[in-house]
Amino acid sequence: MSVGQTASGREALAIHYQAVRNLTEALAAGLSDADATVQSMPDASPAKWHLAHVTWFFETFVLRDHVPDYRLFDENYAYLFNSYYEAEGPRHARSLRGMLTRPSLADILAWRAHVDDAMNAALPRLASTARDLVTLGLHHEQQHQELLLTDILHAFSLNPLEPALFEAANALPAPVPGPLRWIEGARGLVEIGHDGSGFAFDCEGPRHPVWLTPHALANRPIINGEWMNFIADGGYADPRHWLSDGWAWVRDGGIEAPLYWRHENGGWTRFGHDGRRPVNPAAPVTHISLYEADAYASWANARLPTEAEWESAARTLAPLSGVQLDTAACPRPRACEHEGSHLAQMFGDVWEWTGSAYRPHPGFRAAPGAVGEYNGKFMSGQFVLKGGSCATPRGHVRASYRNFFYPHQRWQFTGLRLARDL
Amino acid sequence: MSVGQTASGREALAIHYQAVRNLTEALAAGLSDADATVQSMPDASPAKWHLAHVTWFFETFVLRDHVPDYRLFDENYAYLFNSYYEAEGPRHARSLRGMLTRPSLADILAWRAHVDDAMNAALPRLASTARDLVTLGLHHEQQHQELLLTDILHAFSLNPLEPALFEAANALPAPVPGPLRWIEGARGLVEIGHDGSGFAFDCEGPRHPVWLTPHALANRPIINGEWMNFIADGGYADPRHWLSDGWAWVRDGGIEAPLYWRHENGGWTRFGHDGRRPVNPAAPVTHISLYEADAYASWANARLPTEAEWESAARTLAPLSGVQLDTAACPRPRACEHEGSHLAQMFGDVWEWTGSAYRPHPGFRAAPGAVGEYNGKFMSGQFVLKGGSCATPRGHVRASYRNFFYPHQRWQFTGLRLARDL
Amino acid sequence: MSVGQTASGREALAIHYQAVRNLTEALAAGLSDADATVQSMPDASPAKWHLAHVTWFFETFVLRDHVPDYRLFDENYAYLFNSYYEAEGPRHARSLRGMLTRPSLADILAWRAHVDDAMNAALPRLASTARDLVTLGLHHEQQHQELLLTDILHAFSLNPLEPALFEAANALPAPVPGPLRWIEGARGLVEIGHDGSGFAFDCEGPRHPVWLTPHALANRPIINGEWMNFIADGGYADPRHWLSDGWAWVRDGGIEAPLYWRHENGGWTRFGHDGRRPVNPAAPVTHISLYEADAYASWANARLPTEAEWESAARTLAPLSGVQLDTAACPRPRACEHEGSHLAQMFGDVWEWTGSAYRPHPGFRAAPGAVGEYNGKFMSGQFVLKGGSCATPRGHVRASYRNFFYPHQRWQFTGLRLARDL
Amino acid sequence: MSVGQTASGREALAIHYQAVRNLTEALAAGLSDADATVQSMPDASPAKWHLAHVTWFFETFVLRDHVPDYRLFDENYAYLFNSYYEAEGPRHARSLRGMLTRPSLADILAWRAHVDDAMNAALPRLASTARDLVTLGLHHEQQHQELLLTDILHAFSLNPLEPALFEAANALPAPVPGPLRWIEGARGLVEIGHDGSGFAFDCEGPRHPVWLTPHALANRPIINGEWMNFIADGGYADPRHWLSDGWAWVRDGGIEAPLYWRHENGGWTRFGHDGRRPVNPAAPVTHISLYEADAYASWANARLPTEAEWESAARTLAPLSGVQLDTAACPRPRACEHEGSHLAQMFGDVWEWTGSAYRPHPGFRAAPGAVGEYNGKFMSGQFVLKGGSCATPRGHVRASYRNFFYPHQRWQFTGLRLARDL
């Protein structure tokens, strides 16, 4: 997965480095010191922590390990900003990340500048192994860009003032798309998984054959208007649609709608980065759990696609398409509003829950060393999501990309696309 | 999946009915009214509840629905002894099952006799649909036989007196088997899943192709002696071996050994149906969670088999073989002591954790009606186990059989067999 | 507090011993092995455990310590049936008492007979110190008689069948008493606390002066009819009446009525030892928490009496009066139905919550040795209740008697009497 | 309790108003926006919330209710910054106070300035009722000054960097005081409670007689050196010293020393507003729970004083004495280092746990209206503390002052003074 072996490759890496780092800071530009500090739940992290943790990655695995004479900016930061790398020693308890009022946001931005200076100086001279770690670190930082956006949205949602982080998109209202159409998928033996050309996370490979039985995928994700029908039809009140764990989750949590939805004055509103606004019936439904996605599919006499069905269908589509997070010039998740043809919106808009558990591909081996803790150890209890969302940095996602969350989690931009057997 | 269409088939069904019902009561014969009443944790149920619930199944789905003029033994019992069939109306809270001191054990045995009389009278006249429900009910009762044994073992383990339910097997000490040998599995396209001939639960089908990459399975399960090496090597103290959720489980629960093991006077003992005794190094390790199984495999530089690998290898083996639960004449789980050749102990001894999440086979459709709630709704968060255990009634299990538990659960007779890529 | 120094005193002690022991067994006579085993909440204990624990007290503190050559009935029982005496070594976890299906109820009754035989043989020869421990043990057993009754009631209340332990009293319906009247209490310096003559628990003394400001007590407890008015007036929905902790308790628990009350078919019913029956408007309200008692008093523009006010008023009243638990011939809590004159029902019927925290009287010193753990160590967070209830053995209670429970607890027969400042 | 009826009284009130408001802001001067926002536990509140809540009190109860044409600074603030006044309508959940990253610290300071301007304009014209509310509001704000200091200390203690809010006092090391001496207290009838002259909270009255039995108080609080002896003697490991609830608290929490103490390099350190430093053996022990105070007293063969004993002894002492929090020129809690004569350090240094539950004085009536929710509704489950601490604003405390906390709480500057019976 090595990149940048040539001079132009080195230059491209340096440019990419700067672009990613800039985008992260642009996303955080509207945050106050306090905004950047709080942690709204154990699943989420403070924005400041994201800004710091991704920097710790470069300082630790590139500068400390590969740049002679590099001096750590602050000896304490490794303890504070390691996430879960057991091999890197003890670390601050995850649930207490919100107590770190110091170092301040300004301190972290200064650290970022210090590391960026050292990285810029080092990049032209790094060996291939180190350059691969830089590339890994940039993809890692892109993941945290998305988490920064979804975590701050969750924190803001708990403030009764419901502040907006970004202004609303000035998009034209989208026309409500037509009824779902079914697109037949490949049958028989197909190959999925990353083939090793270009960057991929270790869990995306190896490439391997899978047998697909006859099936079809919906041409587009389920939209809010359809979800309102599910609600109106008593979808949240009928146990027959739900997985057993999902039904317990619905009752214990008093769940009646997607996260951030509220019924007021006879209609549904949702909270987003642009504040509270009416739900747009034409946009893909988002902020739903796997349980909700599965219940909807059951109600609709369909099912969720498997990862292999989804990936096989997506392989020839352009991963740069769709509504995704763009550069620092306009760093905000936009509404997801346009209808696609055939297999539309496979990339971007919303992460699509699949019916596949997040388990290793045949032949999977974790990367050696500390960075090998990256993916493999999370392979229990979670489901695979595919395709990226409006908060995924454009260029980050691939057909083989495997995102994963627990079935009850829904603070990401999660949605669903139906499948059915033929 | 209909059985018993002919006269001799009808007779066989009646004989099978009586044998299964008798075995259940034989298992409970050593229990006092109090033993049969208590519930040791929400995952477990009282023995009396098992005796009653399986009877409720026959009374509800066969006698009430298919036998004219049948009168319910007690109108209250449906509320008390429905497990989770939402379609059958409200029911007693699972966590309060241990509060049912009334009806007494004797009352439940009287109910059983009443239902058995009605069933024996009805069996010669039942239509095919109803006979299929009888067959389903008998397989259902066999599942609860195993649960009755593991649940009462758990309850007894919380009594400081550690009473024995059965006498110890008078088996000769087993020789410690030789080192693991690796048996290469099938490669390429294989078929797994039930083909529809003979009884199977809905989740076992349909039969479908799967592509297997080159791999080998161990010739036998991991044994206690090997597990002691894992402990001695610090296996429970090194996070590198563990799934992230598993490591949290180890630390939060202070886990240091399989369930029921205790270190005293320089050696390991375990609690079983025959009381507390020294751990037998030659017997398959049991009462381990998926997390422990996975950590052991990681420590041993191997992995868990997938369900397809396991099932493909087991397809030609005899499911009646191995140490399993036998008839009412000797109704107790025996020690699991003999070594096998080639692929030994695939059936019986211990349920083998696979690395496959419990999700539907391609094309799966739940059975219609209330009995359709049987399997499909549990398809999130659990892993598949294969092969049956020393507490599984002989004749109950098949290569396609899918048992499932959450990754932290270990009060069943659960063990592991290693696999590796070739 | 020594009793029985003379021959007739010795005889009286032996007779008292037998009467108390018999009553305990009479209370449990209607219980099955399973009934006697289950534990419905950590606050409660199994009936079998009560039967055993009070026996452990005599076996340990009298027979083991004062009778040469006495052999313990079973070495394991000390571990199982010590309640909380730290000085007596480790013990079975309180929350797991319901797992003791063995020893059986019959085993415990055999133990009781064994200890009774040894006690009867020893009583004529015991020294004064040991006789004092016997007396203490009998008062201790009387406390557990009441707990046995309230704990089994709680357990039965969790069984949807709501079984009755005793038949209903065949009492004539009581006339609804007239409106509350206020009886002025003593003013200025009074003495309360036990003066040392006759038996008392250590916490009842020493006798000491207290200054009472002008006040009056209600002539009788609040009755169910009045409580229904409180409910109908929105008493459970208005935070102004409630202590802050009480309001949190109401909301978190969804509390809307006394424990065991249910609204059905337009009226209130309650569950009792005689099963579920309509609430009797003339009987004292019971199964209320301190929070509810305090809220009622606040709603009624009154307050709870202090312990000193209550005890001062009760000093000249007969503690054997009122509805209390009587001998083994008719061992059941009866309905509490008759109205009294002046200060009626001070003893019996319901324990009356006072507004006084359970803290030591001035000069209190705990008794030495293990039995000194009896009372003093519970002196935080609890409130004093006075007067005994329909489930208190007649002869057990005194004006100086101090019962104590946490403010949220209400599974005892707890009620209230109003007081007000003059 | 009215003050300021004369012109000079009005002027004094205006001066007092400004002094209190200034001190609050001086205490918060070292806090960043993030420092002021986080909430470290449900018991604590963010510094920003304290700054805002005390301002809400003046804006609501004085400006809104008594100043015509006053316009609220922000309509949302009442919802955000009401603490627990049910009469004032719904409010933000206490446990979510730490999510209020907006309004910012600067916004709240602007609000404070706005309210101060309005108050300064209004003060000369306010009627007596309103002036009484101003006085109440100032005493209320002083309480929150202390809470602001203890809450931020708790938050900083959860940051591994353990930042210091203030520089250390430049005090000379205090000499270790001599052994405890016992000072005999008044006997017989004494009066305690506030007599109505000058300001007091409603719960401090009315004045009433209490009978004191012979007793003595220690001449000074227990000091750290003595506490280290308690630890070294196994005080935290011996259940005989502890209240039952306290022993459960010790075991469940793994408690081994006062809050903020740590054993490292062979000695004890503590965390304070001046960071982590060695424990000073001569200073009064602080940050202990009632459970710890009671266990120490039991270990020392003594007991805690009752509120009446303490108050009676303090009545003739000067409440302005001792180490307390001083004006804005030097706004920090200083170390508590000097020894006193006779009854030294009754005021200041540490809040002294009494053995008295926080219950109403005889004849207590809560103040009418919303401000009447101030004290009475907290009268269950808490204990009284007396005398103020190094973090109590000088001038705030009186002999009749009743502070109250739950027995497990210890993030305030809490200590103990021994008493014993004579």
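Should a chain be cited, it is by its letter among A, B, C and D, assigned in written order, with residues numbered from 1 in that chain.
As a working rule, contacts are C-beta pairs under 8 Å (C-beta built on N, C-alpha and C of every residue); 3 or more make two chains touch, one makes a residue touch a chain.
Values in this document were obtained by computation on a predicted structure and should not be read as measured data.
Common neighbours of chain A and chain B (chains touching each): not present.
In terms of the distance between Cα centroids, chain B is separated most widely from D. Taking each chain's centre as the mean of its C-alpha atoms, chain A lies 47 Å from chain D. In whole angstrom, the spacing between the mean C-alpha positions of chain A and chain C is 59. If each chain is reduced to the centroid of its CA atoms, chain C and chain D end up 38 Å from each other. Touching two or more other chains at once is no residue of chain D. This structure has the following touching chain pairs: A-B, A-D, B-C, C-D. Contact residues on chain A toward chain B in their complex (touch as defined above): 84, 86-87, 189, 208-213, 215, 239-240, 242-247, 290-291, 294, 303, 306, 355-357, 359-360, 362-363, 377-381, 383, 407, 421. On the side of chain B, the complex with chain C involves touching residues 32-38, 40, 76, 79-80, 92, 96, 98-105, 155-156, 158-161, 163.
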